[in-house]
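Reviewing the structure listed below.
Letters A, B, C and D mark the chains in the order given here, with residues in each chain numbered from 1 onward.
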């Protein structure tokens, strides 16, 4: 049975998106890449700064409210439905809720063949890359580096601290049926 | 029964996205905005230039191949599932296939309460705005201005030639239950 | 003597950048477009939120500090030098200081042939377009719409409230020698 | 005498821009970052695809024509004038012409205190990062990796193949007076 969904979880500036673009390039079939950033982008601008929506504190802490969670739940159902309808999907995620976030996805993806991938990066290195990118709230990288992996289980973990995105992508691709 | 999906169809540079951002601001509930641009962005970079994917000719004509259509079909199913799971969604679409495109959406959205909106803009005005935006392949606006509306039926049409995005958004919002 | 610099002044979301892209397309020679946005982008990220740099208040008011002004003064000298070295330049400006801002440019551009252009847009219309763009701090459009023109003198004024960017560009181009 | 200009030369996807953002963060004074990308962005859209302008071939080769060179010469004069007027500037460059490119800058910056920095990255690693970024013409990284350094002399060289942007920035900052 072939892999239908690849869920990639990692902190901000851990290098997930770069790995996913490489993965799309090395996998022979076309895969859709969708994730938290897509969802946040799809929300009303006002939700990016409201109590019910998503907040980015000055120290990089991200908090999400009940309206965000409600839309996210429907979003996850929709991604699962796309996969069931035949699209192969790489999900670019930040498990702010750790095992609870994974459980939400696990339930929605039930019956689908999923590869769970963790992307790690040492907090100080990720913080440096966050600064080098220049388009992210500072502090997110350090705040999320370890937290998003607590209590989460994977089929495969990669670490971008000393490994290039392409090499990580090849390691993941080798596990895709 | 409340409106669950708003499908907004119009040519490139007709002003759909601006209307949709205004719509998200004036509607009291949070609505997700998803569309063709989101889908294209989610595809592998290689599909943006391949025979099976999506092509942008020098004259602005857009063509899509079988691999694009396959992913798009699953994408549409997924959007419908998100709506059924409770998210209110504005779909930002370009019906390159006219009534056939609408029929695909109509079938996927069966049972959901949908508001169909057409966004028109005179071809020469849209072409000028395309140039003013500076980030689109030239010729798309003129090539799509009328073509995407042929054979398509709407609950409501707005025209951005002489009407601001905000005013169009208010007209649409007035029709949302 | 041919026009060497076109200084375009207008509030945020008045449509200056769109007009300038059209202007670059209709003018037979290649013109460089440089402006406040280029300068802000070139500054350290930390200056976009510091007392000495540039601040964007929640109500859309923009304030600039002494470090910003110092870099800006050198920037203006540099643009003038580019024009003297033969590049034809369109300057995309927001005269937050009104006549004082104009005087700074006037002094730096002394000896060069300059066309001064004002871009107006009714405050409510500009505010709607700001919302439709979705990538600007809300309130800037309304706050700057009239203020940036107080005490400033022009060779030519255009108004985007009811006129397309391309038409404004053609009116400006007709005044370029 | 204090350093007035830092010229950073390296191929596409070698990591120059990330290093420069880190450099702006670690240097105590505010430095402006300006470069080839700023110049290309300032040009008319039509020049990005014309014989006289700048061309990006399918294999990643970049070619520039006489109109590009003329605007570039004025641009370089302008940057030098900004530095003479007191702005401290980091120049983000790709010496497509190798020593001839450096000579052009050297002449324009005469009398100014300049730090010349080379940013190297192994071609295969740079090509992988180009793919991971997803927003660049493929092939540029490999094509430029070594070529832009031929015949160019530096005060300092850094190599991003195995060194983070922040660490490179610190090494450069240590040489700034």
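Note that in this section contacts are C-beta pairs under 8 Å (C-beta built on N, C-alpha and C of every residue); 3 or more make two chains touch, one makes a residue touch a chain.
This one's a predicted model, so the numbers in the text were calculated from it and none came from an experiment.
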Task = Select the chain at the greatest separation from chain C, using centres from the mean of Cα atoms.
result = A
Task = List the interface residue numbers of chain A and of chain D, divide the shared ones by all numbers used, and answer same when the ratio is over half, different when under half.
result = same
Message = Averaging over Cα atoms per chain, report the distance between chain C and chain D in Å.
response = 27
Query = Where the CA atoms of chain A average out and where those of chain C average out, how many Å apart are those spots?
reply = 39
Key: Where chain A and chain D are represented by their mean Cα positions, the distance between them in whole Å   = 32
Note = Residue ranges of chain A touching at least 2 other chains are 21, 25, 45, 134
Request  = In the complex, go through chain B and note every residue touching chain C.
outcome  = 15, 17-19, 21-22, 25, 125, 128-129, 131-134, 162, 164-167
Key: chain A residues within the chain B interface of the complex   = 21, 24-25, 30-34, 38-39, 41-47, 52-53, 67, 70-71, 73-75, 77-87
